[in-house]
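Before anything else, here is the set of structures, which you'll find just below.
Below are two complexes that have subunit A in common, paired first with subunit B and then with subunit C.
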Partner chain A sequence: MQHIGKASISFDNTPYIQEYASIVGKKEGEGPLGKYFDEINEDSLFGGDNWEDAESRLIESTISKLLSKANMSSTDIDYILSGDLLGQLIASSFGLVNFNIPLFGLYGACSTFGEAVSLGSVLVASGAANRVIASASSHFASAEKTFRFPLGYGNQRKFSATWTTTGCGSVIISKDTGKVKITGITTGKIVDYGLKDKENMGACMAPAAADTIYNNLCDFGRNPSDYDKIFTGDLGYIGQTILIDLLREKGIDISDVHSDCGIEIFDINLQDTHAGGSGCGCSASTFCSYIMKQFEAGKFKRILLVPTGALLSPTSSNEGNSVPGIAHGVVFEAV
Partner chain B sequence: MDEKEYESYVKKVTPTTSLAKNMFMAFLAGGIICLIGQVLINLFIKMGLEKETAINYETLILVFSAILLTGLNVYQKLAKHGGAGTLVPITGFANSVGSCAIEFKKEGQVFGIGCKIFTIAGPVILYGLFSSSLLGFIYWIYTLFSH
Partner chain C sequence: MQHIGKASISFDNTPYIQEYASIVGKKEGEGPLGKYFDEINEDSLFGGDNWEDAESRLIESTISKLLSKANMSSTDIDYILSGDLLGQLIASSFGLVNFNIPLFGLYGACSTFGEAVSLGSVLVASGAANRVIASASSHFASAEKTFRFPLGYGNQRKFSATWTTTGCGSVIISKDTGKVKITGITTGKIVDYGLKDKENMGACMAPAAADTIYNNLCDFGRNPSDYDKIFTGDLGYIGQTILIDLLREKGIDISDVHSDCGIEIFDINLQDTHAGGSGCGCSASTFCSYIMKQFEAGKFKRILLVPTGALLSPTSSNEGNSVPGIAHGVVFEAV
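Presenting the complex of A and B:
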């Protein structure tokens, strides 16, 4: 394991994704990726009392599913790295309490899955852990309540607004051979182009995604075509246009290989999701379903996953501040 | 690209809704709500109520219906198309209060509903009272000099 270039780590002793699991809500299940998820829960409360409880239950059942798919118990796991969008990470705190596994709670807005997999890989590659779980989740209703309006409030969403994904995706990262290997990471920095429109998160995050992808290509000495796909987390349609334009300015064309989890997970025409899906659970559940299955089917050799986060706080936004962005890149390769 | 250039570039690539369509839908939705209100008032007057009382009953019915429709998950669907037409009439105010009550009920009667019921409607109440007081004061000064 060594630091290379400006912001990347290359793993010699590559950590592996040993198992993966994803559980999503009804709307996500009705989307184009519906057949790839492990479970689709029709009950938006997931059997819980309130939206926060619902997200905790979503996390708990995804981790249980992950352990049962891997034929393991919680004693086989050294650490969990998990995050969500709620204050004090309450969805993760209550969702993970029964597993009794040492926890690193992470907050990177919607980039959390990238952050969790990055740090989990470093733990495993350094020998500090044999097996860790990296996980991220979001719930449409708990996110709306935290960041926007009550669900029943009648307002109009802009075209540029995204739809927070109800979903959780979790992976087991292990030093033992697994389904996919993690060969490198590129850690994002805060990138702020001063945009204040919280209903256009794609535009707030696109510069961060462009920066991380640019650094990844430079640090590893690669061209976009060295990847079968470059997946960003939740830029949506507007963010995608901006990302491609920003990288073109630097002489890099990713238009042939770029995909966005937020674009993949919903059908914009049928599901009225405006610019696309968003939330930590968007890139996490898309990776732990569609992307992993493409690897298993031999369709991907190497991809770059770049979960993107808009660090929006209602407080700083009311105080007149911009919405800064961050994006963390992880390179996955077929075994 | 500096902040200003980025902002105008983003504006260029972000699709917007048609102002004409929004205004037409708002006119239609707001108009229908107000028409219903007027029909109710006329009906109550015909039934022999005083105009003032008829207006109070009409308000009561519109507010009740808006809150009922909010609870039934219907008002927000109308608002998606109606926009300002469903926001501006008294029904929009009722929706903003009702939706907060429903959303924060789980946090308890006092800290949930009690503290948060006027999260959206609060500014309307505050500045509504403030501007009425201001206008009242101006009117009072006017009456002092007009006699």
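Presenting the complex of A and C:
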């Protein structure tokens, strides 16, 4: 393992995605990626008492599904790296308590899945762990209640707003052979262009995505065409346009290979999701379904996944602060 | 580097604490550890506009102090690992944005400094990074506003409550020779005894501390007397009693070597801090002052630091949930 360039690590002993699982809500199941998810739960409360409890149950179900698909139990896993969008990560805390596995709690807003896979890969590639779980989740209703308005208010949404994905995606990262290799990571720094519109988070996050993609290409000495796809997390349509423009200013054209999990997961014309999907669970569940299945079908040889996060809180917005962005890149390659 | 026992990693190429810095508020400066801190700021707003801004400025000042003590600039640091207690880590986000360093945002409640040093040590020991900063902070007023009541309400506090430390502690972890070695880590899992009193967090966290200390002793094959001190983060007086009792039930007596940063940082008789100090910044600033100076004075050969976290949010408490705990252990040894 070595540090290369400004912000990247290249793995010699590549860790592998040994298994993956995703569970999503009804709306995500009705979207274009519906057939790829492991489970679609029609009950938006997931059997719980409130939205936070719902998200905890979503996490618990997804990790259970993951262990069951891998034919493993909790004792086979050395660490969990996990996060969500709620204050003090309560969805993760209450969703993970029963697994009894040492936990590293992470917060990178919607970039958390990239952060979890990055640090999980370092733990495994270094020999510090044999097998870890990396996971991230979000829930539409718990996120709306936290960041915007409780659903009961029936407020209207700007067309630039995104729709928080109800979903959880989890992977087992292992030093044993697996389904996909993790060959490198590029870690994001906070990028703040001073934008303040929390209903246009795609614009707030695009500069951070551009920075991480630029660093990744420089650090690994690659062109965009060296990737079958560069997937950002949840920029949506507005953020995508800005990202492509920002990289063009640096002489890099990713338009042929760029996709965004937030654009893929919903059909904006049929599903009224405005700028697209968002949330930690958006890139996590898209990776742990559609993207992994494309690898298994031999359609991808190498991709760059760049989950994107908007670093705001209800308090920071109310106090008139900007919405800085962060984005964590991970390079996946076919075995 | 190797995974040992249930929850620990032992470092062959030990990473070092190359430099450390701590900045605290007026009350902490007046406490028993006052002479050990790098700076004591008499202005509880740290020149900021509100309590969140104050904590961000505290973080920015501490990292600047750290770099200046080490005679380094941002470009000498590969990664920052940092966290705080506020929802969505806004104190860290706005406090770190100007350093332009790739960031891993962490949330482990008041255990965050242990988590940051743990993951930072793995990054350095594995060769994935040459030099990282691990940091954690808290601020009395931003924490009271988040978890209890805004100060303006003038509410009364139970005697079992702790006093959130206004402080930030930051270290540079490096593969070069430094002041103290990091020889191992023991990572905590979530432990929930079902306690619900957020004004008695020492009791909520003590079972997690007991679990991590027990695992550390088993994994490394040590007795309590193999450590000069076992420092927990912020159990306070009530939590300390419970911790010692819980370990006695397992046949382990740590009473001779146990200290708690929350007990050390304030004089409860003179400073009206009830059960003791708490907050991410409590163990971080105590380590980055008193504990490091004891090592430098040759008084410590080996210690176990176990920052302790209470995994609650205002929402989880209002919904009647318990307060699970987590604790992350780090073994430091004299060079």
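Criterion: the second predicted complex is superposed on the first by the 335 of 335 C-alpha atoms of A that agree within 3 Å, B and C clash if a C-alpha of one lies under 4 Å from a C-alpha of the other, contacts with A are read in each partner's own complex, and residues count from 1 in each chain.
Convention: a residue touches a chain if its C-beta (ideal position, glycine included) is under 8 Å from a C-beta of that chain, and two chains touch if they have at least 3 such contacts.
Remember, predicted model here, so these are calculated numbers, not experimental data.
K.L.:
Looking at the overlay, does A:F159 come into contact with subunit B only (first), subunit C only (second), both, or neither?
P.N.:
Touch status of A:F159: first partner only.
K.L.:
Look at A:P150 in the shared chain and tell me whether it touches subunit B only, subunit C only, both, or neither; answer first, second, both or neither.
P.N.:
The answer is first: A:P150 touches subunit B but not subunit C.
K.L.:
Can you tell me whether subunit B or subunit C touches more residues on subunit A?
P.N.:
Larger number of subunit A residues touched: C.
K.L.:
Should A:N71 be classified as contacting the first partner (subunit B), the second (subunit C), both, or neither?
P.N.:
A:N71 sits against neither subunit B nor subunit C.
K.L.:
Which of the two partners, first being subunit B and second being subunit C, lies in contact with A:A203: first, second, both, or neither?
P.N.:
first
K.L.:
A:N50 contacts which: subunit B (first), subunit C (second), both, neither?
P.N.:
Touch status of A:N50: both partners.
K.L.:
Once the structures are superposed on A, label A:L195 by its partner contacts, choosing first (subunit B), second (subunit C), both or neither.
P.N.:
A:L195: touches subunit B, not subunit C.
K.L.:
Going by the contact rule set out at the top, does A:T241 touch subunit B (first), subunit C (second), both, or neither?
P.N.:
First partner only.
K.L.:
In the overlay, answer first, second, both or neither for which of subunit B and subunit C A:L89 touches.
P.N.:
Second partner only.
K.L.:
In the superposed view, which residues of subunit A touch subunit B and also subunit C?
P.N.:
Residues common to the subunit A contacts of subunit C and of subunit B are 49-50, listed in rising order.
K.L.:
Can you tell me which positions in subunit A touch subunit B when the two form their complex?
P.N.:
So the residues of subunit A touching subunit B come out as 49-50, 145, 149-160, 193-195, 197, 200, 203, 207, 238, 241-242, 245, 249.
K.L.:
Residues of subunit B touching subunit A in their complex?
P.N.:
Within the complex, subunit B contacts subunit A at residues 1, 3, 6-7, 9-10, 13-17, 70-71, 73, 75-76, 78-80, 82-83, 86-87, 92, 95-96, 98-100, 102-104, 106, 119-120.
K.L.:
Write out the stretch or stretches of subunit C touching subunit A in their complex.
P.N.:
Per the touch definition, subunit C meets subunit A at residues 1-3, 7, 9, 49-50, 52-53, 78-79, 83, 85-90, 93-94, 96-97, 100-109, 115, 118-119, 122-123, 125-130, 146, 187-190, 192, 311-316, 319, 321, 324, 326.
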